[in-house]
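One chain, chain A, links the two complexes that follow: it is found with chain B in the first and with chain C in the second.
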Partner chain A sequence: MVRTRAAVLRRTLLYTGLTVAAIVVLFPFFWMVVTAFKEPGQAFSQEIFPSDPTLENFRRVLTDYGFARYFVNSVVVASSAALFATFFATMAGYVFAKKEFVGKDKVFGFLLASLMIPGMMYVVPQFAIINWLGWMNSYKAMIIPHLANVFGLFLMRQYMMTIPSELLEAAKIDGAGEWQVFRTIMVPLSIPIIATLFLLTFQFHWNNFLWQLIVTNVERLYTVPVGLAMFKSAHEELYTLKMAGSCISVLPIAALFFFAQRYFIEGMTMGALKG
Partner chain B sequence: MPRHDGRMRRHERPGPDGPGVNPGPRPRPSRRARDSATSYAFLAPFLITFAVFLAFPVFYSLYLALHQVPADSFDIFGGLEFVAFRNFAKLFADTKFWWSVLMTLYYAALIIPAGIVASLALALLLNNRLRLVAAYRSAFFMPYVLDMLVVGIVWTLIYSPHVGILTRIFESIGITTFSERGFLGMPASAMPSVVFANVLKGAGFGMILYLSAIQNIPQSLYEAAEIDGATPWKRFTAITLPLVKPITLFMVIIGTIGALNAFAEVYAMTGGGPNIDVGGRALGATWVTGYYVFDTFYTQFKLGYAAAMSYVLLALTLIISLVNRRFLRSEV
Partner chain C sequence: MRRTLSIGGALLVAVALSAGCGGGQDDAATLTIWQTYNDEEYPVFKEIVESFKVAHPDITIDVIRLPFAGAEPKIQTALTTRTEPDIARVDVSFLAKLAGKNALLDLGPYVSSEFRDEILPVALSSCYYEDTLWGLPDQTNGLCLFYNREHFRAAGLDPERPPATWDELISYGKKLTNRDEGVFGIGLSNSLWWTLPFFYTHGAQFLSDDGTRCVLNSPEGVAAFQLKVDLHQRYSIEGGAWRAGGIVHDLGFQNGRYSMILNGPWAVESLKRTGIDFGVGLIPAGPAGTATNVGGNNLVVFRNTGQPELASEFLRFVASEETQRMWASRLGQIPVNVKASDAITSKEHPYLAVFVEQMKTAIPRPQVMGYPEIENLMNPEMQAALDGTKSVEAALNSAAAEIDKLLAGD
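Right, the complex of A and B next:
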């Protein structure tokens, strides 16, 4: 009896700890949503739930402040960047996992070494290149510079190395060409890692605010985070609108995470756990 | 499987098919040469974007750092005045730069231990057979995937003077220190507040790493310790902590790199401020190097100077990585 009572106490304590931690960790997001539903005059009221919730803030940021446009830009940029980056990494991962070629180890070592370079390093020279190419204020400037994802290539290669080479050999004996082997065997067998990488690159590009800020200075090309940053500096006092814009900014990633959290968690921690 | 492949490779390499050593006339190119050609065809899109936008910029940045880039000039290929190391010399004499290095170290000194403690605590809580563990795990991890900019903006609301919810909570328990200027408006509390927001956002990542390390510890070790009469605390310090050390070292490394790259959180919350008077100079309490690079480039448009600064950042990163690697190799 004593033992079970101790177990109940222990479990109660654990649940209390977990719940308190969850409240603390999620509070900012909760507060963001709650504030976004408040009347502008009530921005600082301490009510946990607004007594008179309104959708007006969302309507205003989407229409009066251009967030609908920013949202479309974000979707275009993040999904096309994710598509190409994943495709490039899948093709490259395949040859590093399954083929022998001149200079393989050297090229791979060189690519991995680039992971040590701090991201801030790229900002100035990439800007200079984009400027020289005359790409400022264009989708291609927002998308192309980050298509070579070395970390993604590494994930791909690790995964593809576990696919038995015999399958590829058998297909080749049956007369399949290189591209066919890649398309009909490697890609279908790598769907979980392809999905993971797509989600991670989508998330990266959706959140990659610094780069989009640098290469765009016309409003029609702002992505949601850039629009939000501009809104923040222009309208410091419009808190409820700022929170509505914030909700719009995190919603797609939060939704993706909700439906595909396993891919996010595994993909993001895989490199660290195996490396 | 991969190991097997490796052996095959070594076996094949000295064969007669190597490039350039192909003697007699052959009707078709060797298999290795053909493989190389198709391999590079598959690699082409990746390698080209890598070369143009990641490899070349690293070298081009050095070129910029050694030149004077006029603020109004947009033609930055050619036509720049060569100034050798003048940018670097200026940088080493720049109080604001050394202050930013100091603030970066301060940021790292706060965020690394706090991040480790928070991650480990969450992992220990989750390492129990309870219902809903998966839901809690998701809840803790979710902020990690969300945008730092948004998180920062939300915290500016929570931290704001007079009306911020945290300011009010502190007032309700009798602490009015933050009422006038808010948590982010006071030099002493600005950096810890930025770090606190960031730790809550990022703890889920370390939590997963610690959790998988803890779950790999054989249960028999704990049982043996329990039989020997070890208290739970003793079991934690004598078994768990030493066995998750590789993760802790990894957290130190990524924490350091994160500090050297810190930007979005500062941009969203403080803009490098609030200013402190240090010997007659106004210096920002959250003025980290990553933010200084951004400010030099984006606000002042001094490309050469920003490039020089980012090179110093690279040098610091490499030195720290090398030291860490040495350390890792000898310790683990």
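Right, the complex of A and C next:
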């Protein structure tokens, strides 16, 4: 491959620009992490790296300020909600993509229309139902109302429609039952989109602040975002501790993103895919 | 954010409709309190609850802690399903909204005029909405001038003598500012609440007496805001703390970028911990003398409570002389009960004594339902004047016109 001078120049410019942009974007995260390791009085010192890094901030937020408990709550709520929501959306997506039943298009259109209503509008009616069921202050209330995910259904359906129906027919001819077709053909072929949906729903539930605050009245059920908000308003000035708390809240998402980048990016372009 | 606000509005309408039905819990022996105290205040508040229970051994009191940031939507949602607590601690601006939508218990019959006389007038006035008493203050605050004594010494100024007038502040500021090192005499936030001390020291009123028009664009108001703009543009002693992306005032004060800032009593304890040598002075006097704004929190009782007597007794207990004396001396906060003010001696509480003094000339902000919306209209106009894209007069005129429209539509 012969590179012309112009091409090399273009490449250099492009990478320089991208590097600068990456530094600008990543700097706040960098600052957050570095500050979390500093001594309380050193939060605004000139040095970039702490001369005497400490884990004290993490120890204090996890034990004294209850973040260990909040973290466990968040993990339980976000992972179980993401798991079940993905599971249901996958099954529903299969039905809407490959099955025929009376009024299918109408039902699908109706469900899609519900996406037009801002999520905030559901908060009060959902809360009223939770309260009526007596589910206040329970994991049930924090998880169950969000298991039916229309956006997930839409995402799954669009993807599954691209899987050739011939495959399913062949399997049926070979004697596969409905459940077997779903499990051995649809799910394996849809793994990329299933992973994407899991990550998106996990991220949503991990960050969900208002709902978890509204359905809980006890600190032992608070999740990381609620705990962090409480901590922030109570301690305006404890920057090193605040940053340690923020690190803990970002950690799972950052780790997930690191290992599953591909699926996040596919999730963004998947909507553009024509069904 | 805007979405949250408008939905909050819808929720409140629903409350107003349901509130007429009456009802409430029958559980005669439980009081539920939702509060937003911080980690230092929370243990003291629990002690207060315990000592209240000494006189009422049979009752249970559930104290529930909420993050300040989510308290409003949570209360609004609870109100629509009547799962609100008996008592909540709310910001002064939220009280008017709750009262206006008929969610609160009228405390008129439960709080005697003798007791009202004990309460710091500016704090008590924040509990009124349309001439009715809807709460009792548990905490009050206002802004004062914080200054860095180290900077004062370095500039050859007397570290025991903060500027007494705005003119003095300007001349101090010129000595303190060192643009090459990025150090400025003062750093100021933009929003309306943080600008009120400027308006009040110039004798400018916020709303007309009948509460229907915004009069911040009066000649006094224009002069007041012109001063704030001049500190930045003409004298170049203000470091642009109001700018998006600028160093916010309390941060700049902590890391030595701003020699003076306006701040409230809540900042004292944390600043002490940073080890900065700082002093607190009264807001510099303008043509109308020194004056400040009022913020704080009030305790309210919801109208669906089953125990209006008990709940209002708890509110009186928190605002009582004895409790406030303990609260103020333990936590270094301004007592809301004037009889407890003598607990704050300038020897023991040098900073707080200044705030107690300043609160005597504090001016309450008018209780209107749409205060957050007024801030939203005002702030961008003030920003435009500060960065020089609009003249002060034009900015205040257009803000006032917008606010008038809002008030008329209420």
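By our rule, the second predicted complex is superposed on the first by the 254 of 275 C-alpha atoms of A that agree within 3 Å, B and C clash if a C-alpha of one lies under 4 Å from a C-alpha of the other, contacts with A are read in each partner's own complex, and residues count from 1 in each chain.
Operating definition for what follows: contacts are C-beta pairs under 8 Å (C-beta built on N, C-alpha and C of every residue); 3 or more make two chains touch, one makes a residue touch a chain.
On a predicted model such as this, the values are computed, not experimentally measured, just so you know.
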item: Joint occupancy of chain A by chain B and chain C, clash or fit; value: clash
item: Partner chain in contact with A:Met230 - chain B first, chain C second, else both or neither; value: second
item: Partner contacting more residues of chain A (chain B vs chain C); value: B
item: First, second, both or neither for A:Phe209, with chain B first and chain C second; value: both
item: Which of chain B and chain C A:Asn217 touches, first, second, both or neither; value: second
item: Touching partner for A:Val124 - first (chain B), second (chain C), both, neither; value: both
item: First, second, both or neither for A:Ala36, with chain B first and chain C second; value: neither
item: Contacts of A:Ala89 with chain B and chain C, given as first, second, both or neither; value: first
item: Touching partner for A:Ile253 - first (chain B), second (chain C), both, neither; value: first
item: Partner chain in contact with A:Ala141 - chain B first, chain C second, else both or neither; value: neither
item: Stretch of chain B, among 5-13, 185-193, 203-211 or 221-229, that runs into chain C once the two complexes are superposed; value: 185-193
item: Chain B and chain C footprints on chain A, overlapping residues; value: 44, 118, 120-121, 123-124, 127-128, 131, 209-210, 213-214, 229, 232
item: Residues of chain A that touch chain B when the two form their complex; value: 11, 14-15, 17-18, 21-22, 24-29, 31-32, 35, 43-44, 46, 84, 87-89, 91-92, 94-95, 99-102, 104, 107, 110-111, 114, 116-129, 131-132, 144-148, 150, 153, 161-162, 164-165, 178, 182, 203, 206-207, 209-210, 213-214, 225, 228-229, 232, 239, 242-243, 246, 249-250, 253-254, 257, 261, 264-265, 268-269, 272-273
item: Residue numbers on chain A that touch chain C, as the complex places them; value: 41, 44, 118, 120-121, 123-124, 127-128, 131, 136, 209-210, 213-214, 217-219, 226, 229-238
item: Complex interface listing, chain C residues touching chain A; value: 3-4, 7, 11, 14, 36-39, 64-70, 73-74, 77-78, 80-81, 83, 250-251, 254-255, 266-267, 270-271, 273-275
item: In the complex, chain B residues that touch chain A; value: 1-2, 5, 9, 12, 19, 32, 35-36, 38-40, 42-43, 45-47, 49-50, 52-58, 60-61, 64, 74-77, 121-122, 125-126, 128, 130, 132, 136-151, 153-155, 157-158, 163-165, 168, 197, 200, 203-205, 208-209, 212, 250, 254, 257, 260-261, 263-264, 267-268, 290, 293-294, 297-298, 303, 306-307, 310-311, 313-314, 317-318, 321
